[in-house]
Structures are given as structure tokens and as C-alpha cells.
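Next come two complexes built around subunit A: one with subunit B, the other with subunit C.
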Partner chain A sequence: MSDETHLTAHHDLAPGEEEQHSVGERILGYVVGLGLALLLTATSFFIAGTDLVWQPSIPVALIVLAIAQMGVHLVFFLHITTGPDNTNNVLALAFGLLIVFLVVGGTVWIMSHLNANMPPMDQIMRMQ
Partner chain B sequence: MAMTATADHVHADPHHIGRVIEHPGPAPKRIVTAYGFWIFLLSDIVMFSCFFAAYAVLSGQTAGGPRGSEIFEQRNVAIETVCLLLSSFTCGMASIAADVRNRFWFYLGMAVTCVLGLIFLAIEFREFADLVARGYGPSRSAFLTAFFSLVGCHGLHVSAGILWLLTMMAQVFAKGFRADILRRMMCFALFWHALDIIWVAVFSVVYLLGSAP
Partner chain C sequence: MLGKLDWSAIPFDQPIPLVAGAVVLVAILCVLAWVVVKGHLPYLWREWITSVDHKRIGVMYILLASVMLLRGGSDAVMMRIQQAVAYQSQGYLPPEHYNQIFSAHGTIMIFFVAMPFVIGLMNLIVPLQLGVRDVAFPTLNSVGFWLTATGALLVNVSLVVGEFARTGWLAFPPLSELSYSPGVGVDYYAWSLQISGVGTLVAGINLVTTVLKLRTRGMNYLRMPMFCWTTLASNLLIVAAFPILTATLAMLLLDRYLGFHFFTNEAGGNVMMFMNLIWAWGHPEVYILVLPAFGIFSEVVSTFSGKALFGYRSMVLATMAICVISFMVWLHHFFTMGAGPDVNAIFGIASMIIAVPTGVKIYNWLFTMYGGRIRFATPMLWSVGFMVTFIIGGLTGVLVAVPPADFMLHNSMFLVAHFHNVIIGGVLFGAFAGFEYWFPKAFGFRLDERWGKAAFWFTFLGFYVTFMPLYIVGMLGMTRRMQHYDVAAWRPWMIIAAFGMAVLTIGVICQIMQLVVSIRDREALRDRTGDPWDGRSLEWATWSPPPVFNFAFNPDVRGEDAYWEMKAHARQQSFAHEEREYEDIEMPRNSPTGFVCAFFATIMGFALIWHIWWMVILGGIGAFATFVVFAWRDHDEYVIPAEEVARIDRVNIEERRSLVSMAGSV
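Then we have the complex of A and B:
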């Protein structure tokens, strides 16, 4: 009996919605999120303009920092968690990310191959 | 004794895979609405990914025109980014105020969000107008076409978000914190935070990666 009441009282959470927290805890969540986001942004802008690190590592560092900051936004502002009440939201997000990576990664991959296999423009003109 | 056994069982199977649950009925309207809006936001992000793919392919095709490192001003981009991050925070404060039905903090949070969004749009508009005045409009090269369509599409979303924000304030003013108004407010907060996520990708990929020599 107690088992059933426990299960029927259990609801999914809407995206963007938090579990029952006090107002102070919710504000603290946003403050932590803002602090982390500002820290990551400042690091990105610093890395982009510095001579202190090995230059070829900068693009990779910028992409990693951007992905980390998107994660911070998802967790602290959009409240997407790994909890069982968030399964639907996470699955939708995972499908969206799959499409995003297919579109961006596939385009960059195919177009760079086409670019590499294409003769320079003056050769094409001479062939005609 | 029976209680602890039940609790253990629930923890061992948090997704209720191993049993059939008697559902109490359809999900509450608040969850259905927000979930539908979440699906829309994800499809919007997929649309943005097409603009990002186009920018990634075309960013080197300058046709003798300016390269990214010659036209981007990092100081402006940093100010824009701080504006959007702070507006996301104040939008969160406004949605907490709406949940506890506090009108003063709701109006204050939404007003600050609106002002920060307008500062962002003003800086972006000035940047675009300056580029066009120097002859570097979207028709100059494929790189500039991709740049204007990607950043401009985000700017259009922010403009639409500000209009939505103003109508949310008017609806709360006229109708109070009714359940349907609170659902719309939750969707607006999701929209605003999602715009911030897209801006993170824009400033990293377009402005910071693009200004590398």
C-alpha cells in the first residue's frame, strides 16, 4: 500500500523546473551558475588573446570551454539533471544533440574533403 | 521495517523498469506545455546548427574582402556577453518571483532583463551598421553572408524575446499570476536561457575562433 502511494505521488519534472527547494536555495543555484558562467567566459576571452600558451592548443581550449559553459547553463539555468524525473527531457536533449553533431560534423567533414580534392581555380579554367 | 524495504527497492530501480506502474492519468498541463516548448527549443537549436555549419564552411571564403580578425572587436563582444549572462540571471530571479507570486521582484527582474537585452541589441546593431557603412555588408563575401545570417538570426531571436518579455509583464499586470500565465512565464524563461546557450556558441566559434590570425 505504502509502495503504491509512493509511486503514484511521483511525477516527472517539466524542463526548467526544479525539485521542491526553498527560495534561498533556488537563488543560490542561479548565483553559482552565474559565477561559473562568468569565470568560463573570462577564461575564454583571456585564452583567445594570450601568448602564454602553445598557439595550436587555443582552438581546442576554446571549444572545450564553450561546451563546459553550455553544460553549466543547462544544469544551473535550465535545470536539466540526470534524475529519474528528468528522463524525458534528457532523452529529447540527447536526440537534439545527435542531429546537431550530424549536421555540423558531417558538413565540415564532407566540405573539407571536397575542398582538398578540388584543383585550384586557374586549373579548372584551363580545362574548359 | 516494510518502509525501509520499499525505500531500498525504489532506489535500486529509480526508472521503474522492472515493474508496471498504475499511472494516475495524463501528466499535468504544466509539464506537457513545458515539454512541448522544450522540443521546440531543441528544433530551434538544430536550425542554428545549420547556420553554424554554413559559417564553418564559408569562414575562409573572403573573396578579397576583410577577414574575421580585421573586423571583430573583442571588447564589444565581451560587453555583449556580460549583458546576456546577467540578463539570464535576472530572468531566473523573475521566474522565482513569479513562482512565489511577488509582483515587485517580478517586475524588477523582468525590467532589468529587458534593459540588458536592449543594451545587447544596441551594441550588435551598431556593429552591423558600422560594417555596412565601411562597405563590408552581407553581399561583400560568402564569409560576411554567413556571419550576418548567423549573428543576425540570433539577434532576431533576442528581439522576439524582448517583445515576449514585455507582453509577459503586461499579462501579469492585467491578469495576475494565474496558472496559464505562469506556464507562459516558464516557457519564456526557457527561451531566454536557450538564447544564452546559443550566444555562448556564437562568441566562441564566430568571434574568438574567427579572430585568430
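Then we have the complex of A and C:
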């Protein structure tokens, strides 16, 4: 059991596993992450209620901020990197995103077309 | 005190389930009594029930699947007899009973036969093929198995306490909602699937991690045996798809228990959302089942043709393509729901595209056989039978992937014939091939070939006689799940199908006889080499049955077909053997965690079904406490000393060497 794990250990790290960093460095990483996350959250709340920007851009801005928030969490808290030790994690993330995109996107598309073969409601009402 | 549970739950007025239940109960009590009287209980507890050894857990999965196959098979026999006799009459099964039977048949065959069978084979073989000592999370593995067993137990309890769902195997609302199914049937269905679903998810995570993280030296991704690749793909699908099932059933349960309106007709519920979600799980599910079977056939065809698998890389690519595309076709299960031509066309085309990688696989198997020295042992027979049968099933599948054709055939017997064609011809034949092929590895003796071949031919022919008539009655307009009918033209076909079922039953009896005869003659059938089929992958490099640590040394892999290469290498060196330094081996300690956890989960599930809330809390606390106790453990590994490893290994090496020298002298 244990020797294989050692064999592959330096090739690949599980999310949350750390390479040899000093405690100070790690704390700094978490603090930066927390700061960025708070900044993005505060910005979202500010944007949602402001009239300083063009109104239709607000939902787009919120989506962008939300994605940025996810990125911050992935990089600073879940320690996803582009390094070779993280290939599996990045691939798992990509696979997860792909499946979520397919299922959610497909569901929205299917459900919004379900009434395609039905006449509109007012037409049905007129027929009665 | 006991919620909805009282004496009316026992169906005293229905002789069939009561007698069946009584017989099963007596059989179980007899086996238990025998185990206790003979004093096997401590052995069973120590070596099997608490075992975290992937091989033992794999065997238990397959045992569970085999027992449930008999249960699901009896349901099938009852349905075929009913439809053969119920022409212009009620037959012998009242509608409410018949509805439970086809619902139970589907649920059992998919969740408690096909799933445990393929997961059991993966558990048993994948760590051996990867050249490692166990799966990534051995105790979790045991938890996964026992939770699956809990689900199976609850389904069987429904036979005598209360009722099972009458809604079909996917419990479509609004029929499965409280207003139309007020009984406990749907609750039995949903809770047993929720609990066993956790077990399946756990097994999926475990096997993905095992393939990705535990491989022996030199075992690159592109040197892994095909079965490991299909295991990876299938378990990625489990991890991605099973949460959808859990969430969908959770929403249905919220509707039923707490008055929510996810899938109700009123208050803004949307029935069609259930179809959409359940099939977003359901379609990947069929690939979860069939991909491991494809892996088994790849191993079997290459071994019994004496050739490396043709087009290994295209096979890997096809497997991973199926893994992704299987998430893009789910709408073809409900073309008729009204999504309109745009959506239907796209999903129809995607459904046809997924046949392409499958076709690639078929050609690869054919080319592997081409020019090979083929031995038609039982596993190979199942594989060839699979290719013929699966092509027919695949073609009718492509046919119903055409939306206009599907509008004609939706919910007809044609569809029933199609999916039995691919599931029996693909998954079940694959499971049997794997069973015959790896049985010597698991138990140390081969299975009797004559009974095995008889079982194959009866099952193969029985399958055609049973299901080809169903295609025809489907074309003649017969819909599925009919308790009785009045159309004279269907009658002869239903009688032929019932006759086919009898042939299939003979196949099952042959299968059982094969096991009995082989156990009786086990000394004559003993596999002393560990390599009875002249195999190519690492599971044959250790002896049969493998020791608890699998390999005395982690094998070094230098190419595809790792063990074949080792044998060739050994032959060149004229079997020179250098003594190696043995080392201590650390193995995970057995743990009752899985069994205890499942015990409390069973109590909780049963209590939830019958609304016995104090018992729900009791079961929940018990399961959680089990987890906490396990999390606070101090020692979970023990050491097998080097001398012990050396002693076991030397016996085996001597045995092999004597066989080799005997073969050399002839």
C-alpha cells in the first residue's frame, strides 16, 4: 500500500495537500485569498445596488465577479495550480465543469422548448 | 409508536408473495442455523463481513448480484407467464401485483444485479491488474458494499412487509406522488436507492482514485489494461451522474414527505423536470454498466486469441469519447415529451454519434480475433455471443434514435426488446464472461467447461427466443407493462416468448450446476500456476487465489500486456531466478465499520419508509457514531513480516517451477 503512494506522491498532489512551504508563506496565501474574496464580495454588493454604471451591465458584472470569486477560491483555498503536480486536479475540474455545463445547459434548453409543439395559452383559451 | 406500520402491512390475502417470502425466510434461517451450528460464524465475521480486502469485497458484491439475479429472474418468469396467459382474461396476477413485479424487476436488475456485478468485478480485478495491494480507500470500499446490500435488503423486505412501487423502475411522477401512490411502495423504492446510491458513489470515488493514484512502477496510463481504462471511464460517470439521481429522488421524497411541489401537477410543480433529471442520470447509467463489460470483452478476446488487443489507443479514445458523449444524449428517452424538432434532432444525432465509438470497439475486437489462434473456452463464447447480440441491439438502438421512428415505437414492446437486447447481450454476457474468466483467479480452481458451455448455449438461444418475439409484438403495436390484452395477433408471440423464458431458465440452472459441479471437482480443476488461460495482464502474475497482499514485490511494468512481456522475458532468460530481498508489507486492518454503518442505515431506511421517527433518529445517530468512532481510530494497519511473505512466495515459486520443468521435459 504505502510504497506505491510514495512513488506517485511527488507527481501528484490531492487538493489541500501542500508542498513544503513555511507556515508564514501559507498564512500569507490564505490572507491574500481572504482579502480578494472579501473585495469581490463587497464589489458585488456595491454593483448590485449602484446607479453609477449602465444598468443592463449589472447582471453581466455580477456573473463576471462570481466567476472571479470561484477562481479565487480554487487558487487560494483549494490550491489548484497549473503545475505538473496538479494535472489530475485540473482535469477533474475541467471534467466537472464540462458535465455541469452539459447537464445544466441541456436542461435549460430542453425545458424551455418543451412547449414547442403546443399552441400558445391565449390560443387555447380562445378555442374553448 | 410504529408509524404507519401495523398488521395490515403483511399481505395475508396474497398467497404468491407470502409463500415466496416464507420460503426465502426459511432458507435464510436454515443457512444461518447451519453457519452457527457448524461454528463458521467467527470465521465469516473475521474473514468476510469485516474484510476490507478488495478481493473479498468484490466476491461479496458478485454474490449479492447473483442472489438478486435469481430474485429479478423469478419476476421475469412471472411476467412472461402472465403475458402468455392473460389474453382476454386477467391471468393469474392481479394488476396491483403485476405492477409491483415489473417495477421490482427493473429496479433489481439494474441497481442490485448489474451494478453490483460490474462493481464487484472491478473491485476484484482492477487492483491486481494495476499491480497494487488494495484499492485507495479499503474501509470505504467495505462501507460502499454494505450500503448496497442495505438497499437490496430493503427491496426484498418490501415483498412481505408492505408493498413495492407500482410505478415502473423509474417511479415517474405524478403517478409516484403521494396523491396517486399513497402507499409505502414508492418510499421503499426511493429510500433503498438513496442508501445504495451512496454506496455506489463511494465505490466510484474509490475506483477512480485507485486507477489515477495507485499504479505500480512503470504502469503508465497507456500501459494500463483495457479493463482499467473502462473502469476509469465508468467510475468517472458514476461520480458525475449518481449525484443527479440522489438529488432527483431527494426532491421526489420532499414532495412525498414534506408537501413540496417539485414534480406535482399543482402549485407550479413540473413533472417533465423529473423526466429530464432522471434521464440525465439514466443515460450515463447504461454506459456505467456497459463500459466495464466492454473492458472484460477486450481482456477476454485478446487472451483467447493469443494476440495483443488490436488498436489499443483507438480503444482508449473510444472509451473516453463514450464517457463524454453519454452525457449528451439523455433526451432520446423522452423524444415524445414535446421538445420540438430542433432539440429532438440534435439529441437524435448525438445518439447516433455515440454508436460510432462503440462500432470502433466492435471492429477492434474482430481484428484482434483475425489471424489469432482462438480458443473457444466459455469466456470466449460469451464474448462472441455478445458481439452478435449487441450489434442487433445497437442497430435497433440507432433505429429508435431517429425521432420520427421513436414516436411510433415509444413505450412499445419494441423498446423493451431493444434495451434487453443491449443489457442482456452487453452487460449480462459481459458479467458472465468476466465471471468465468476470473473465477479461477478468485478461488483457485477453474469452472467446469461442459456445464459452462451448456449454460452459454441455453442462455444465448433462450435470449433470442424470448426477445425477438417482443420486437415483433412491438411492431404490431403492443405497449409495454400490459397486465392483459385482447389482440389475438400478439398471443402466439407471447407464448413463444414464454417458451424462450423456459430455455433461459435452463441456462440459469446450468450456471448453478456448473458452480456445484466445479466445487465438487475442485481438486481436479485446481489452478496451480495462477495463470490458467495464458493471460496477458498482471492479475495472472500472482497466484490463485492471490494472497491478501496480492504481490510479494510490486511488479515492474515495461510495456503493454505487462505479464505477457514478463513471461517472454523469463523464457529468454530460461527461467533463471534470482532470490530477492523480501520486505515487510503493511496491510489495512479489517474493520466492522461498513457492516455496522449499514446496519444502522437499514434501521434508518426502514423507519423512514414507515414514518417511525424515533427509530430514524436512532439509526441516524448510530450511523454517525460509527463514522466518528472510525475517524478517531489509532491503528488501521498491520504488518506482515518479511519472513512470512517469503514463506508464502517461495511455496508458490516452487510450484510454478515444478510445473514449468514438467512442461519442459515433455
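Methods note: the second predicted complex is superposed on the first by the 101 of 128 C-alpha atoms of A that agree within 3 Å, B and C clash if a C-alpha of one lies under 4 Å from a C-alpha of the other, contacts with A are read in each partner's own complex, and residues count from 1 in each chain.
Basically, contacts are C-beta pairs under 8 Å (C-beta built on N, C-alpha and C of every residue); 3 or more make two chains touch, one makes a residue touch a chain.
Bear in mind the structure is a predicted one, so any value in this text is a computation, not a measurement.
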Partner chain in contact with A:N88 - subunit B first, subunit C second, else both or neither: both
Which of subunit B and subunit C A:V32 touches, first, second, both or neither: neither
Contacts of A:P59 with subunit B and subunit C, given as first, second, both or neither: first
Which of subunit B and subunit C A:S44 touches, first, second, both or neither: first
Partner chain in contact with A:Q69 - subunit B first, subunit C second, else both or neither: first
Residue contacts with subunit A in the superposition, subunit B compared against subunit C: B
Partner chain in contact with A:V23 - subunit B first, subunit C second, else both or neither: first
Partner chain(s) touched by A:G96 [first = subunit B, second = subunit C, both, neither]: both
Contacts of A:W109 with subunit B and subunit C, given as first, second, both or neither: second
Interface residues of subunit A shared between complexes with subunit B and subunit C: 2-4, 7-8, 12, 88, 95-96, 99, 103, 107, 111
Residues of subunit B defined as touching subunit A within the complex: 2-3, 6, 9-10, 14-16, 21-22, 24, 27-28, 30-31, 33-35, 37-39, 42-43, 45-46, 49-50, 52-54, 56-57, 74, 78, 81-82, 85-86, 88-89, 92-93, 96, 100, 186, 189-190, 193-194, 196-197, 200-201, 203-205, 208-209, 211-212
Subunit A residues within the subunit B interface of the complex: 2-4, 6-8, 11-17, 23, 26-27, 30-31, 33-34, 37-38, 41, 44-45, 48-49, 58-59, 62-63, 65-66, 69-70, 73-74, 77-78, 83-84, 87-89, 92-93, 95-96, 99-100, 103-104, 107-108, 111
Subunit C to subunit A touching residues, read off their complex: 132-134, 212-217, 236, 240, 244, 270, 272-273, 276-277, 280, 324, 327-328, 330-331, 337-343, 554, 586-588, 637
Residue ranges of subunit A touching subunit C (in the complex, touch as defined): 1-5, 7-8, 12, 88, 95-96, 98-99, 102-103, 106-107, 109-111, 113-118
